[in-house]
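In the two complexes that follow, chain A is the common piece, with chain B as its partner first and chain C second.
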Partner chain A sequence: MDINKNYFDFIGLPISFHIDQSLLADRSLELQKTLHPDRFAHQTEREQRLAVQYMAYLNEGIATLKAPLPRAQYLLHLKGIDTISESSTPVEPMFLMQQMELRERLEEIPELEEPYDELESLLEEVDDLLAQLRERFAQCYESDLESATAVVRKMQFLEKLVTEIERLEDRLDG
Partner chain B sequence: MALLQIAEPGQSEAPHQHKLAVGIDLGTTNSLVASVKSGEAVTLPDFKGEHLLPSVVRYMPCGNIQVGAEARTFASEDPYNTIISVKRLMGRGSEEVNALGDEAPYHFESNDGGMPYIKTTAGAKSPVQVSADILESLVFRAEEALGGELVGAVITVPAYFDDAQRQATKDAAKIANIKVLRLLSEPTAAAVAYGLDQGKEGVIAVYDLGGGTFDISILRLNKGVFEVLSTGGDSALGGDDLDLALAQWMAEQLQIEVSDNSISRYLLEKAKWVKEQLSDADEVEALISLGEENYSLTVTRHQFDALVLPLVKKTIRACRRALKDAAVDAVDVLEVVMVGGSTRVPLVRAEVQAFFGREPHIKIDPDRVVAIGAAIQADVLAGNKPDSDMLLLDVIPLSLGLETMGGLTEKIIHRNTSIPVARAQEFTTYQDGQTAMAIHVVQGERELVSDCRSLARFELRGIPPMAAGAAKIRVTFQVDADGLLGVEAKELTSGVESRIQVKPSYGLGDAEIAEMLKASYLNAAEDKDARALREQQVEADRLIVSLKDALSVDGEKLLNADEREQLGWEIEKLVVLRNGSDVIAIEQGISALSKASDEYASRRMDFNIQKALQGHSVDELGESK
Partner chain C sequence: MAYSEKVIDHYENPRNVGKMNDKDENVGTGMVGAPACGDVMRLQIKVSDEGIIEDAKFKTYGCGSAIASSSLVTEWVKGMSLEEASELKNTSIAEELALPPVKIHCSVLAEDAIKAAVADYKEKKGK
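And now, the complex of A and B:
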């Protein structure tokens, strides 16, 4: 069954960290049109169930390949490395220091007179760091799995920080 | 035994019959049913020619049930047995229902699951049962009008309906014995009625001002996917409030003392009439006769507008909030669709047009537009349009998650995720020797569990005692195309598992549904066995026809001669059983044939995927080099 294929093969894309987003969108839509349970609404329940399974797998695949962090995690997963459910993640002390500084800045934002300016510059900084990490991952994941895993862990930290920045923005707006 | 006839490709055995399918708008104030007839979607009237069925059900001591206009006339005379606006109660728990206060002035009792039942003279009725009675009335009407049995229905629900409310709606359909082809969100249905799914990609606003509720939905159409960006509104603001404002003003002008309910109802009816006239006329004269006194009052549109402007402005403020939530500006809105009878009021149209800066769609009767959109989709889903490209991809409106330590929500599936979808997350135990884990499923966007809606609780038991953190518990959420959730928990080292189709918090248990189904058979005085046989025969036919169709399309390609012959015999076995009257034998035959054709079904699916991807692969491989 095709559900045993990896997401890249299933959707028909080369296994790579660099992804052509518009190609991904086109392919996804094509497959969604073929596999959506609505296509089987007038057929037997068994076929609908099968379609739901395929479609759920497809949607999960799309979501995984679309965003850089889950895509990177998935590429490592294909190489037998699980970065998603590990509970403790060793990182370099340098990186940890940097994280703590960024977090301190985030915590101080609500007390500032111009919170939005600082919010924006913080977000920009984090985005830059993330972009660098993605570049680094693309370079090393095929040759140096250890470094690639370390990079993904850093990405996880930073993505979490982005969520928190956005949450704060909501609160300030709210 | 006759040999199986395999039709030539393109030449099916029987000419494709038009299957009868309907769209149902199960509304708070009124409900409608529509169907595609001779290529056009139309709403179906009752025998009196009325299209709108008031969503009112009255239960009488003798066990009889009145639905619609007839029931509504008893609303004030027999208020506790006449259930209006039951939609407000769907999928709600007892506490929430009590909080509705005057909006739900019934006597309630709770069942064990916390679901409120309404006490009536004919016994306790769940909101699901009341909705089922409305649905049954609509189905009866449709089958009379279309002259045959329905294969299924698309039922619309508000975009903001959560899992419990959707599940309640689906349960109501089950009790009314309707196959739900799909639950469709109301604003999406309205957009489909106008063919916007075929149009330009962009942001669509659906402004729905009904009798008693106001909803604004901001959608985005992107590559055939309708995404609900935000919803807003006021569950206690509608056309009735416009009538009330006008009636109060009229009483003031004429110095009528509204001393009892009948005067107030009379004035409200007059006001409603005046309001409707003013949709076309600039002024209208109302003749009011109360006992000995006769009054006449001329109302101009200008006066009416001034009276209702504050109410209309309130809806516009809700639109502004919804746009803000969706993070789009009014100028980004490409299309505006009007839904609900109250959007006939010229002031409403003018204010909406001014706010969005574009002319709203009003061509289709705003009372019927949702049902019409649902009928269009029902026609496609029933298989009447094999060439149709129409596909509505849906997203879940609210995030689904679990309660974790400290009463916090851990989201498993985020809002606006395309459905159907399945997603798993792993958790672990936090105490040494912990053998059970409580799983609390919630829906909502907030961080604290107490701010989200509780959907279900269940326990995974029998985890072998291990050190804290050693157990691996995988919780899988699966959401189907209707947005309904199933949850499964499994301890990976031991294989212990537990699953639940989410609904118990406020829903009906399977046993209760079975009980109601039984009751409805009795009510219909229909032989239960005959119905069971009919159901199995329909399912058998569906399987036989779909397999024969499939074989004629790609049987040669995907199966070798032996396999084809084997499958042919299996089909023939079920054909024979199906023509008999042994329900259990047919049921077993269906599962035997299903099993025999499993491999073929998978091959077909994989083949279709290859086909969908082909054509691309060749040129794109070229490009990337």
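And now, the complex of A and C:
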């Protein structure tokens, strides 16, 4: 095992945006068993320490590869692009306009008579947009890195919105 | 994270929240966003025939520092000429609000927003 390998190689998956979730689950479980602390109880301290390091790296890898946004961000990271901590980046005005409108709609939901209906349809709309972006990312990240990066930035706006929608849902349920 | 008193004040009592008619030819609209944190900001100015900003409105979906930065900018630019407004620096915003280093990008966003609003107005007027 080698934590200098990227997460895909470490876990044993092909480097791709499309991943086989059941394969990811199987490989993860296998590695987690191999690295279980009980197995190292009688080994040297150095080996125990390494196993803990591998396990931490494995768990980071699983979390990163499991969900589409961190997976896409990681694929860009492997190509030297960081969309997570970049500061100021111009974004398409039309897209921003849409983001503004979606957030305005979300803000008005608590005042509606049937807030859950609107909440549901808003979430569906956002999920559709995200699905389209994932599709687009899968198509272009190998051939057109610039477009792929722009797609991930859009995904980041929409995932933030999903978090906000879920937060409101919790508040309404509360 | 601890916010400064000024940030909290602007966050709890944001000035000039709202929307102007962006079809109005005296209104300039700046729309900006920060992909890293998902913040979206709209800043609008209403400009007199003499080129003075008469009114400003904003709407920001984001953290307290982003809201405070845009709120502060709408206060500052009222009465300014377009040139003065477009010379506004994010460092003055960050200083006034005592923003910590990790929140400097919020003031950059507000600077970008006022610049975009001025540019939009000028484009409309064909100047």
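By definition in this document, the second predicted complex is superposed on the first by the 166 of 174 C-alpha atoms of A that agree within 3 Å, B and C clash if a C-alpha of one lies under 4 Å from a C-alpha of the other, contacts with A are read in each partner's own complex, and residues count from 1 in each chain.
Here, a contact is a pair of C-beta atoms (placed from the backbone, for glycine too) under 8 Å apart; a residue touches a chain by one contact, two chains touch by 3 or more.
Every value quoted in this text rests on a predicted model; they were computed, and no experiment measured them.
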| item | value |
| --- | --- |
| First (chain B), second (chain C), both or neither touched by A:Thr83 | second |
| Touching partner for A:Ala56 - first (chain B), second (chain C), both, neither | first |
| First (chain B), second (chain C), both or neither touched by A:Gln43 | first |
| Residue contacts on chain A - larger count, chain B or chain C | B |
| Which of chain B and chain C A:Arg71 touches, first, second, both or neither | neither |
| Chain B versus chain C as contact partner of A:Val91, first or second or both or neither | second |
| First (chain B), second (chain C), both or neither touched by A:Arg134 | neither |
| First (chain B), second (chain C), both or neither touched by A:Gln99 | second |
| Common ground on chain A, meaning residues reached by chain C in one complex and by chain B in the other | 85, 87 |
| Touching residues (chain side chain A, partner chain C) in the complex | 83-89, 91, 93, 96-97, 99-100, 103-104, 153-154, 156-157, 159-161, 164 |
| Chain B partner contacts - residues on chain A that touch it in the complex | 1-2, 10, 12, 14, 23, 25-27, 29-39, 41-47, 50-57, 59-60, 62-63, 85, 87 |
| Chain A-facing residues of chain B, complex | 19, 151-152, 181-182, 223-224, 380-383, 389, 391-393, 417-423, 425-426, 428, 469, 478, 480-481, 539, 542-543, 546, 594, 598, 601-602, 605-606, 608-609, 611-613, 616-617, 620, 624 |
| Chain C - residues contacting chain A, complex | 31-38, 40, 42, 59, 61, 104-105, 108-109, 112 |
